[in-house]
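A, B, C and D label the chains in the order they appear, each numbered from 1.
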Amino acid sequence: MIDKFRSDVLSVVDAVPSGASIAVGGFGSSGRPDALIDALCELDRRDLHVYVNNVGHDFTGVGRLLHEGRLRRVTASFPILQEFYDEYFAGRVELELIPQGTLAERMRAGGAGIPAFFTPSGAGTMLSDGSFTLRYSPEGGVAEHVPAKETRMINGREYVLEEGIVADFGFVKAHKADRKGNLRFRLSARNFNPMAGMSGRTTFAEIEQLVDVDELHPDDVHLPGVFVDDLVMSTGKAPATDEPAAAATRKAS
Amino acid sequence: MTDTIPAPAPVTGRTREGIAERLAQDLQDGYVVNLGVGIPLLVPRFLPADKEVVLHAENGVLGIGGDADPHEADPDLTDAGKQPITLIPGAAITDSALSFAIIRGGHLDATILGALQVSASGDLANWYVPGKNPAVGGAMDLVAGTPQVWVAMEHVDRKGRPKIVAECTMPLTGKGVVTRVYTDLAVFHVVDGQLRLVECAPGVTPEDVRARTGAPYTEHLAG
Amino acid sequence: MIDKFRSDVLSVVDAVPSGASIAVGGFGSSGRPDALIDALCELDRRDLHVYVNNVGHDFTGVGRLLHEGRLRRVTASFPILQEFYDEYFAGRVELELIPQGTLAERMRAGGAGIPAFFTPSGAGTMLSDGSFTLRYSPEGGVAEHVPAKETRMINGREYVLEEGIVADFGFVKAHKADRKGNLRFRLSARNFNPMAGMSGRTTFAEIEQLVDVDELHPDDVHLPGVFVDDLVMSTGKAPATDEPAAAATRKAS
Amino acid sequence: MTDTIPAPAPVTGRTREGIAERLAQDLQDGYVVNLGVGIPLLVPRFLPADKEVVLHAENGVLGIGGDADPHEADPDLTDAGKQPITLIPGAAITDSALSFAIIRGGHLDATILGALQVSASGDLANWYVPGKNPAVGGAMDLVAGTPQVWVAMEHVDRKGRPKIVAECTMPLTGKGVVTRVYTDLAVFHVVDGQLRLVECAPGVTPEDVRARTGAPYTEHLAG
């Protein structure tokens, strides 16, 4: 019978080899799957290609992977972390910078069997014309550019062809899950998590609460268990309570 | 853009808050609006009580109530700047793909952004200063999808150089996307790909504006 | 202040001119916006292009539009209704037949600002090679084919380029709504409704229940009000009660 | 396909229920499966109690419990054939776009479909008989996206003509998509684009199968 919950995060993440590509949920530290990322460090995985919106701050999240030299490439929209740029300009990590909406749509498309789509975002800019630096040379100067993207005029407007992202693994953080892998997120911690879960050929979700299999109403599931392979408990901060939204909701002035 | 424009005589226009206040007057009741960092974040302070303007954050929040007080801050509820926020009644949360479907699909009414440069034809540069750290976030999606892209910025940069220029020298965020520019000195509209000066700030003359603007434009001043 | 609820369906639907294109939610009769469709008949609108999965049965739903001769073209995956085919073969209505997943994705793409995407569905078939009959001649024989679609080999596989659908109007049926237009659907009546709501330049939703603006939790909104212009009450069957899902949920044998 | 194959001697293979029962043995615990109309809809009756197979309907239902009794029928809860159904605990509902993201993105384990014809290379024709009423539903998405496409059908049509043919003469649903064929007479696998006979039904000989099959194939019979 289907029971996707595992007690040991290391034995789950052990399936990720060095060199793997991983789509990672989270926006800033909100909804970031730290337990799964930390397990990559514990297991000494290296040479990783991470699709993620932000690289984190200090040495948490993807920032820890960076700090420990575990990243080959980052595909991101907003990798604001000085140490990341230091590594990028030194030629020790590659940066494929893409618009945030393109990142979300590419993850979804890959998970949805759409190999490519046209988008107006980034048309006529350095992020589509082949002039953005993917990798600097350790000796200084540009080693490689992000290739120019195919463009097309449609109804008089220029669009860029972007590819769906099918990552080897998806790393997700969710608020609640049942043992079938059905996930529910909380407030703006949802963000990229459903997309990362769709994008991974194999997807792991770390969760704050494991609930009975009949607790999530079928209409309340944000990402169905069919996208999720293994569940582990999240670590760190105490699980958020259920109803701070009410407290956080007040009349706009 | 050039460093060699002779410094014009000093002029005092609107403050940063004044720019936000002026722009807020043009937001209509019922608008759904995304705000960039900088002066745009000052706009909500100046919305008249009789207008309901719904604020969107690209991390999936429709209906921001305001900044959260420390005691009510929830790490699962932040805006696009990662700051803790509150929600209004009737708020809705989406995932990032649907959030950008809203943006790219033209379902917002306006986006209000800061800028490094705006060109004579409405090109916008606001994401990257060459040689500095590159990051784009949702800026290119916002300008690509939103019907009204309003720039709120200082008229000139810290060195006194015009930020409204014939052609952007900074890397573009989008081509021909800006529809209005609100500065300390003036309000411009972009109509059919051409800049129009429609308003000077109180105490500012058309000549003051002309002297500090690096792009050709026509004057369509009321009265 | 924002209040999208209107008491009179006819004055809402009056905005739809003859000749308009309309993306319509529903799967069979489940989640079908009959009040909005019926209003088109009351207002005597004609020459309509409808994007919808099914044409309905008997003379309800889109079937009523057909029966009253109000349709110019149907873009659908499963237009099973003998009278529809009679009209199609007689050259009185056009049929653009597309795979069901392509219909859903095209509606979503149009609403998401994606003008076109590649999909594997329909590659190498009559639904992409230009041989399917869009319109028969009243004198018999084929008057016009659906044009052949652009195809491309990507990673050794053939894909078809499909266009996003931006319809003049979206017609949606929802279970609950607040006055801001936030929608929630119930069970499999959700189906194409969120897509139709995204696809319409202007979208109307008929609803079973109008709830207070703080009743829908922000995490429970299926389609945010930003996609919805006007709300009207649904007609016909009594509003579904809230929890038949519990009654309908039982252990699998 | 031809009308002129001489009628072979009568042979009795599996019933429609028998085909479904045989196929059900090959479904693995934990599979998520979409069922087409016809013989595929008989499969759930024959799932062993120790296997959990999750049934998907393309209108957005993951976890069908079974047909709803009339007293519990809910018009808001139907399968892809518009029949009232029940849900299992742990069921989830999606919209149509996400339902087909699941299908096209390869997240189902198997789809079980009826067929008009299957070709020697695994082409499938199952949506349209020329001259009849055309309708496709989700068939083309299901065969495009699902890793395992299993056909459950009678070995020959009502006129005795083979449905497994060298090349499909009916309009295709997809090219090279079928991975297994379960009929009243036999089980075939498609490996590297070629048909393999892997099993004959009880009381059916390889010669019986050969005489009723219009496509070349190789025999890979166990024992």
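Keep this in mind: a residue touches a chain if its C-beta (ideal position, glycine included) is under 8 Å from a C-beta of that chain, and two chains touch if they have at least 3 such contacts.
Not measured: the values here are computed from a predicted model.
Of the two chain pairs shown, B-C and C-D, the one joined by more C-beta contacts is C-D.
Per-chain Cα centroids separate chain B from chain C by 36 Å.
With centres defined as mean CA coordinates, chain B is found 29 Å away from chain A.
Centre-to-centre, using mean CA coordinates, chain B is 56 Å away from chain D. Counting partners per residue, chain A has 105, 108, 112-114, 119-120, 185-187, 190, 214, 218-219, 222, 245, 249 as the residues that reach two or more other chains.
Contact with two or more other chains is made by residues 52, 63, 87, 89, 91, 93-94, 97, 100, 103-104, 144-145 of chain D.
Contacts between chains, counted with the stated touch criterion, involve the pairs A-B, A-C, A-D, B-C, C-D.
For chain C in complex with chain B, the residues that touch the partner chain are 1-2, 108, 110-114, 178-180, 182, 198, 213-214, 216, 218-219, 221, 224-227.
In the complex of the two chains, the chain C residues touching chain A come out as 105, 109, 112-120, 154-155, 159, 184-187, 190, 214, 217-220, 222, 245, 249. Residues 29-30, 32, 52, 54, 56, 62-63, 87, 89-94, 97-98, 100-108, 144-145 of chain B touch chain C in their complex.
Residues 52, 57-61, 63, 65-66, 68, 72, 74-79, 82, 85-89, 91, 93-97, 99-100, 103-104, 128, 133-141, 144-145, 171-175 of chain D are the ones that touch chain C when the two sit in their complex.
For chain A in complex with chain B, the residues that touch the partner chain are 27-31, 53, 77-80, 82, 85, 95, 97-105, 107-108, 119-127, 132, 158, 175, 185-195, 222, 237, 240, 244-245, 247-253.
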